[in-house]
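Note that subunit A is present in both complexes that follow, paired respectively with subunit B and with subunit C.
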Partner chain A sequence: MSSEIAGDTLRDEESHPAGRPRVPKNKKRSGVTERDRPLWLLAPGGFLITVIILVPLVLALYMSVIDLDQYTLRKWLSTPFIGIENFVEAITKTELLRSIWISVSFAVIATVVTVPLGVAAAVVTQNPYRGRAVVRAVFLVPYVLPSFVVATVWRTMLQPDGIVNNILHGAGIDPGLWLNGPMSYWTLIFVEIWAAWPFVYLLALAGLQSVDHEVHEAAAIDGALWWRKLREVIFPYLRGPVSLAFLLGTLNHINNFTLPFVLFGAPAPADVNVLPILVYVTSFQSFRFGLSAAMAVVSLILIAIPLFIYLRAVKLDVSEDGGKK
Partner chain B sequence: MDGSGKTLTVLFSTKPQYPDEQKAWFTKTAADFKTLTGATLQWETYPTANDEMTRIQTSVVSGTGPDVYGLGTTFTPTAYSTGAFVKLGDAEWNKVGGKDKFVPATLGISGPDANNQIGIPFVSRPFVMAYNTELLKAAGIEAPATTWDEFADHGKKMTKAGQYGLAIAYKDNFDPWKFIWGMSIQAGNPIIDGKKVRIDDPTVLAAYEAYFGWITKDKSVDPAAIGWGNAQALAAFAAGRAGYFPMTSPLSIPTLDKSVIKGKYKYALLPLVPPGMTSRPSGGVEAASILSGDNLVVADYSPNKDLAFAFIKMITDTVAQADYYKIFGEIPTNVEAAKALQSDPLVAPALDAASKSVATPFSGAWGDVQLALTNIAVQTIPDLSAGSVSEASLTGRIKDSQAKAQAALDRAK
Partner chain C sequence: MSTQTRPRTSAARNTNRAPRNGRSAQVTRLMPTWLIAVLTTFLCIVVLVPIAYIFLASLNTDTGVASGEFWPSQFSLDSYSKIWGSVGLGKGIINSLVVAGSVAVVSAIIAIGTAYVLVRFSFVGRLTVLRGLLGLQSIPGTLMLLPVFVLFASIGAWLGITIIGTLWGLFIAYLTFALPFSTWVMVTYLRGLPRELEEAARIDGASNLAILFRIIVPLSWPGIVVSGIFAFLLGWNDVLFASIFTKPDTATAAIVLQVFSASQEGGAIPVYSQMMAAALVCAAPVVILYFIFQRYLVGGLTAGGVK
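For the complex of A and B:
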């Protein structure tokens, strides 16, 4: 997209005769002028965005309005156009809305828990002490393990006769079922939190590293106690990284396919029929490629709206504010 | 045939249990093929059904890809519905050595009818029931069950402290629908009946009630089995903790021969009389197993069709099939090679099961029916954990599955 915009801008610039009186837009401007910006440097990025994002997106949009399934796959270019039928079916006849609700609610809960955990872990490992390197390494273990491994290990532990239930039985608690039924929703959240908090930790740690040494000194001289110092001096530095972690974390949770797939299998129990599993089953077990594309588009729209509001609210997308604390 | 300078690409599924053996077999087969035709054989593999589907999709859409595909039998209808594979006329069958060289039952899922076939049977994996000879004897059972009621009854008899009558994989992603389909067809309900799906038929409800009843009412299954896949059920049986392990195949021989029950187990046909009955009703089918195994299909975009059929002829000939059985334990589809195995009492029931296998309905909607049947079992697991399945909730799930499967069948072309 940027390449197109870049191209247009160039053309606009060229279409103005050189002798035209120019309105000084910005007096403070320095360095490379807007006119001479080497916009062609955006071309590689623009090309990648086109190939990696735009083309698949357009294909998905096209697929969502045609009747593409196993019967029509071979002649997909002449597959009948059915307009919004896939969308109507996705919303009225499938579990799509329920799956979106499960996915979004699970993702938000997981993020709300992982953010304070990650920040706390970063604060704990901020000041040097004996063994800090070991603690930092241990904190990264869940993040380094592939999702597949994490899910397999937890699935084994949470079996009806697995180690978790054996321990609970030993303590006189009847644990019930973890991997199916209403509890499975909380199992999913728990395992996701276990696997995902180090991501917030890493971002928060990066934020803490950017706090100038003088700020710590000034706070100490002013006699600020630890909580006040943390709340009023340190946390403002973390606003950017943590807002970003909140955003990326939530999106990662929503998009996580491997974890629920390996933990619960497909077809998934109704309580953990998350969006990626629903789209997978529709695509690869029912072979309704058009319908699953429509599902993806609906969920993209539903998730993009709050995302946009969030982006405006925390101003992550406004570059001028990026550096402000 | 002179294939020198040409390359034939073949897509097979990987065998996680036998990685080295498979590699060796690939190399040897490629060398044999080179000697035979002068052409190079290139193997490609897929690890999961998902990758298989992705490969087929890409190839179907782009019109390029492997020349020959090895497909699971139940996937053949879906492949057929894409229309991307060569339909086998007399000429094609002759090129692979004639239809007569295959065990007739194994052709049952090659196509919707005898004139529209795409699949050439490569191996059979018929389902049988394994039983622990000592546990049966100790419970005073003389012969393995032949009806599902008898099966349940034996299960109860063999259940006592530290041991259960039955090893059932309730959490498996495939086993449940095989039980339900088997019991239903034995009662005369093929589930897809022309243009109608019959999941809401009383025979299906009876099948689920029997299947769930083994754990909830009879208590002849380990309560932990609600979390088991087929491998865990096999492990429980191999540890000598269960009398019957239905829904297995001779592929379990290597595992069982390394276990404590080596020499103390045998295979038998799965029961052939539906639950609640003492003999099959009229219209009931003597179905010992779903028709299971691998089919070979040739892509119709392939420029090397003659080479493809020469390759298929080579690996379905008697000697090659006997070798393949020796390495991987998969039952030959070649008549002669299968006959030679009948002298082995351990494998004989599997051969019997192969000849009494019945194909699941040849419909592009079968995938959805299978999914719907499995989904009922998945959503019922919390009830199994609680110890009882109410008829109301089961009927509700059946109704829901019926609607989804019927919608899929209505779309079928």
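For the complex of A and C:
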């Protein structure tokens, strides 16, 4: 579909050399000209997205049904078609189902914890006080730090002889391993939460700022208690931002490659073998490219569910006069 | 004919409009003061303790950090001088700056042209493109990595050039992955611009390009900066593509930082203090950019709705 647009655009460019000043034609009151459309401006972006995203997407689908490994990669165009064998193998003989479970449960737990944290952070910085700007800047820090830095730092702190265990020993607790074994799953969730709650905070902040002052006054006149006011007056304003945070947060957590990769390395310990790591290791360490493509396609299907809800819910076109031809 | 922006966009751009006198602070108060204090303190501690640790560990010695010290028994700046020699962090940072910087500039230029057409003109498939811009932001990178790798290898072999392992390959990949979000940021920004100036210029006989460069671009600097910075961040923060598409001499800062962990797994003495110093150096450009443009970026983020 996008290639169509790119084609369209190029033709347009030929027929109307750009940059030449034109005599204004009769135009509609709306200001949208139908005839002098510089559609060629869509060409660079359309070309790149077509070649580097859409073509590879089709390629990924194709690779998932051929027998591609390191021996056949050079002649991938003539590699034998094997139908759904990669998918069957991925489901029956690999860690795929387990990885899906790890990824989904990890994403859901991380989202469920970050949403209240982020909303609480937005609520507590709502009223001005001295030093609020500093607090807001502090709240942004985990969001601002690159994921690979966050993961490197936590990896260092959670080493067997690292600072965290040292402090816990001091408190008389025997902590054990964080980066390997069953605890690693909770380590991943914890670090993800640490890094991701400010995203919800930012969305919730924008939602809170849309609350009119009159609403506050009305609630004050009613003499509502703070928690009732919060629940019944303010939270309805946050329904949009919070649903957005749920959807995008879950998508971001499921897609997060950097954090588990840097925190645990690849191949990952069995308890944190999330989907992105599994797909990565299957292609670039086991060199089972076809199998890996099949896994990636499965993960795309998984992503498609929240993504579809998101795309349906977002209002794409808010200007009244555009969009319809 | 008013172009209304989405509520969260306009809200994010506004500063807090609530009057600041004491009575209205009472009215808008959402929680008792003690609870605000408790929650704020809790969140600040959760954020700041690890941050303090990075600074302290980077000023410690490698053995001091390895033995689990929080407060260094011996302060030194040695780690900051060692990191440049031991793993070539300087080269990595330059590579990252070159790639992410050029991605930022080029994607902002492409994004504003694309967004101008998407906002001001109608054509068949326009809504599909808008929806695609949002949808493509959530395509998992791990799905794209292998086919893009194969594509680059095949195009390279066909044209007789090397793409994998060069900064060009990274540049093209990051540029394309940055475009959906950069363009979406510009789309939301341009929607907020009044049309009157453009219409006046059009009546005076200005061409579309003249309108774009003389009117839209000068008015859109905040949006251009935001879309450029987010593209920069995408390049700077990526590990996935850089781990496959680079050779040692084209490695980005993110990859060089991983070399510390790798060398330690190889049995070498752990260099945690250097690792923390290097982590801070890698974070510095991003943190500085963020806090300079904080106001714009927060609005831009909520407009785009995606990190």
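Everything that follows uses one rule, which is that the second predicted complex is superposed on the first by the 247 of 325 C-alpha atoms of A that agree within 3 Å, B and C clash if a C-alpha of one lies under 4 Å from a C-alpha of the other, contacts with A are read in each partner's own complex, and residues count from 1 in each chain.
Just so it is clear, a residue touches a chain if its C-beta (ideal position, glycine included) is under 8 Å from a C-beta of that chain, and two chains touch if they have at least 3 such contacts.
Quantities reported herein were computed from a predicted structural model and do not represent experimental measurements.
By the touch criterion defined above, A:F284 lies against subunit B and subunit C together after alignment on the C-alpha atoms of chain A. Residue contacts after overlaying the shared chain place A:V112 against neither subunit B nor subunit C. Looking at the shared chain after the overlay, A:I309 reaches neither subunit B nor subunit C.
Using the contact criterion defined above for the overlaid structures, shared-chain residue A:Q70 touches subunit B, although it does not reach subunit C. Between subunit B and subunit C, it is C that contacts the larger number of residues in subunit A.
In the superposition on chain A, A:D161 makes contact with both subunit B and subunit C. Residue contacts after overlaying the shared chain place A:V88 against neither subunit B nor subunit C. Contact with subunit C, but none with subunit B, is seen for A:V262 once the two complexes are overlaid on the shared chain. Once chain A of one complex is fitted onto chain A of the other, the partner contacts of A:I173 are absent, as it touches neither subunit B nor subunit C. Once the two complexes are overlaid on chain A, the subunit A residues touched by subunit B in the first and by subunit C in the second are 73, 76, 159, 161-162, 265, 280, 284.
Those residues of subunit A that touch subunit B in the complex are listed here as 69-71, 73-74, 76, 93, 159-162, 176-177, 179-182, 265-270, 280-281, 284-287. Of all residues in subunit B, those touching subunit A in their complex are 49-50, 53-54, 57, 60-61, 78, 81-84, 171, 173, 222-224, 226-227, 364, 367-368, 371, 374-375, 378-379, 381-382, 385, 407-408, 411-413.
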